[in-house]
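Naming follows writing order (A, B and C), and every chain is counted from residue 1.
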Amino acid sequence: MGDSFKIAKRCGSTFICVNELANYCIDRGFKAHNMHIGGGHVFSFGRVKFTIAHHGSKTPDNQYVGEPAGFILTIKNKNIYYTGDTGLFYDMKLIGEMHPVDFMLVPIGDNFTMGIPDAVKAIEFVNPKLVIPMHYNTWPVINADPYEFKKKAEGKGINCRVLNFGEEIEL
Amino acid sequence: MGDSFKIAKRCGSTFICVNELANYCIDRGFKAHNMHIGGGHVFSFGRVKFTIAHHGSKTPDNQYVGEPAGFILTIKNKNIYYTGDTGLFYDMKLIGEMHPVDFMLVPIGDNFTMGIPDAVKAIEFVNPKLVIPMHYNTWPVINADPYEFKKKAEGKGINCRVLNFGEEIEL
Amino acid sequence: MGDSFKIAKRCGSTFICVNELANYCIDRGFKAHNMHIGGGHVFSFGRVKFTIAHHGSKTPDNQYVGEPAGFILTIKNKNIYYTGDTGLFYDMKLIGEMHPVDFMLVPIGDNFTMGIPDAVKAIEFVNPKLVIPMHYNTWPVINADPYEFKKKAEGKGINCRVLNFGEEIEL
């Protein structure tokens, strides 16, 4: 959950989550929109559709809050695919076919998620216009070289942008 | 769970569920046959095989009861594929190849499950002889037009039957 | 969990598990290396990579401990793919493509996991050099004939070795 409850309290945010996690937020006094994997909904800011992820999902107080998920965020006809923490899976190809992806965020850190070889396969499946690697170098166990990934992505004809900590990008 | 405990108490039913949910039922004094995804078993009424579903699964008293699942029910050489609440996934194609499907029930309501475009892809994968849409119009957030789905299904050469509330069908 | 806690106490073992299960072990005073599906890590004895499995996962004291998983164990350039308890799924094909599999252990007992027809499809997807069937004949509900599986595997050109209870094999 990280700092999300603190931010939500300050901003009065609505959580958009899979059903069990949304109920967890509601039970703690927050606003939420309950959804689930494969489901999409149009909000004021754009469309959110939850996607399959293969990982786990548990709260700091040890509760199951539904299956893990990624999402596709559609804003002004651009599709952003945030895979979530996940291993590689073949349905990514289907996700890319059903929703041509402009921007994709993909984990490369290994150990908890895909490492670089699987992430390269993932972008071959999805074929995004631009990929941004994530989920690496936070701890030693997920050390990975984003520039090695960038080189391999570009070798497959896919643009890659490595972001520095705190750096912003206009999509 | 809905009204299933009430019905089971009245009828002395046996729950056929994934292992964790079956144990949950047994712990509450009910009979159950424990199974799991990909596993099949022949009962007096026919064969049940549990299938992959991408969704969540939690009881009203907040317990994890195993992964969500759909099932294939085989009676008199007819295969009925009930997908369960789920997003679209590519293994549906494999399910259809391993078990030619006569009747398929597929969600179309979006938000919590597949919406119409993904449900049309699902029936292309499975290629059932007849499809019945489900899981729509219960709440505003899952409003969907079953006749729009029917038209698109028939455009793919797949028969579709829209059932009214309470309507029965002989398969 | 079976006898794993007893063995770990005696041997001072480290559990290598998906994150939630690893934390469960750590909370009970054991050593663990936390990983997750799709993630790999090099240990002193070889490399472990967790793979997708479609099943459930709960501890004897009723706690959710993350998604179920299989793994690929790489020792001396040999890949051993232990599918875990699971139904058949199409990503097995991808697993076999990303990691040419020397030895595969696959369930054949049905009811809780794949039965023989799906296990035959699984080995067609993975194409291991040798397959060993597992997870059968422990209880009547998972009775299956490993020699029927062996015959079908060999019919697909895949070597199969049926192990007796307690028998060891040098890979």
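In the analysis below, a residue touches a chain if its C-beta (ideal position, glycine included) is under 8 Å from a C-beta of that chain, and two chains touch if they have at least 3 such contacts.
If you're wondering where the values come from, they're calculated on a predicted model, not measured in any experiment.
The angle of the rotation superposing subunit A on subunit B, based on CA atoms and rounded to the nearest 5, is 120 degrees. Residues touching across the subunit A-subunit C interface largely differ between the two copies, under half of the numbers being common to both.
Chain geometry summary: the mean Cα position of subunit A and that of subunit C are 28 Å apart. Shown for subunit A are the residues that touch two or more other chains, namely 63-64, 67, 90. For subunit C in complex with subunit B, the touching residues are 54-58, 62-64, 67-68, 85-90, 109-115, 117-118, 121, 141.
Interface of subunit B with subunit C (complex): residues 18-20, 34-41, 50-52, 63-64, 66-67, 90-91, 93-94, 98.
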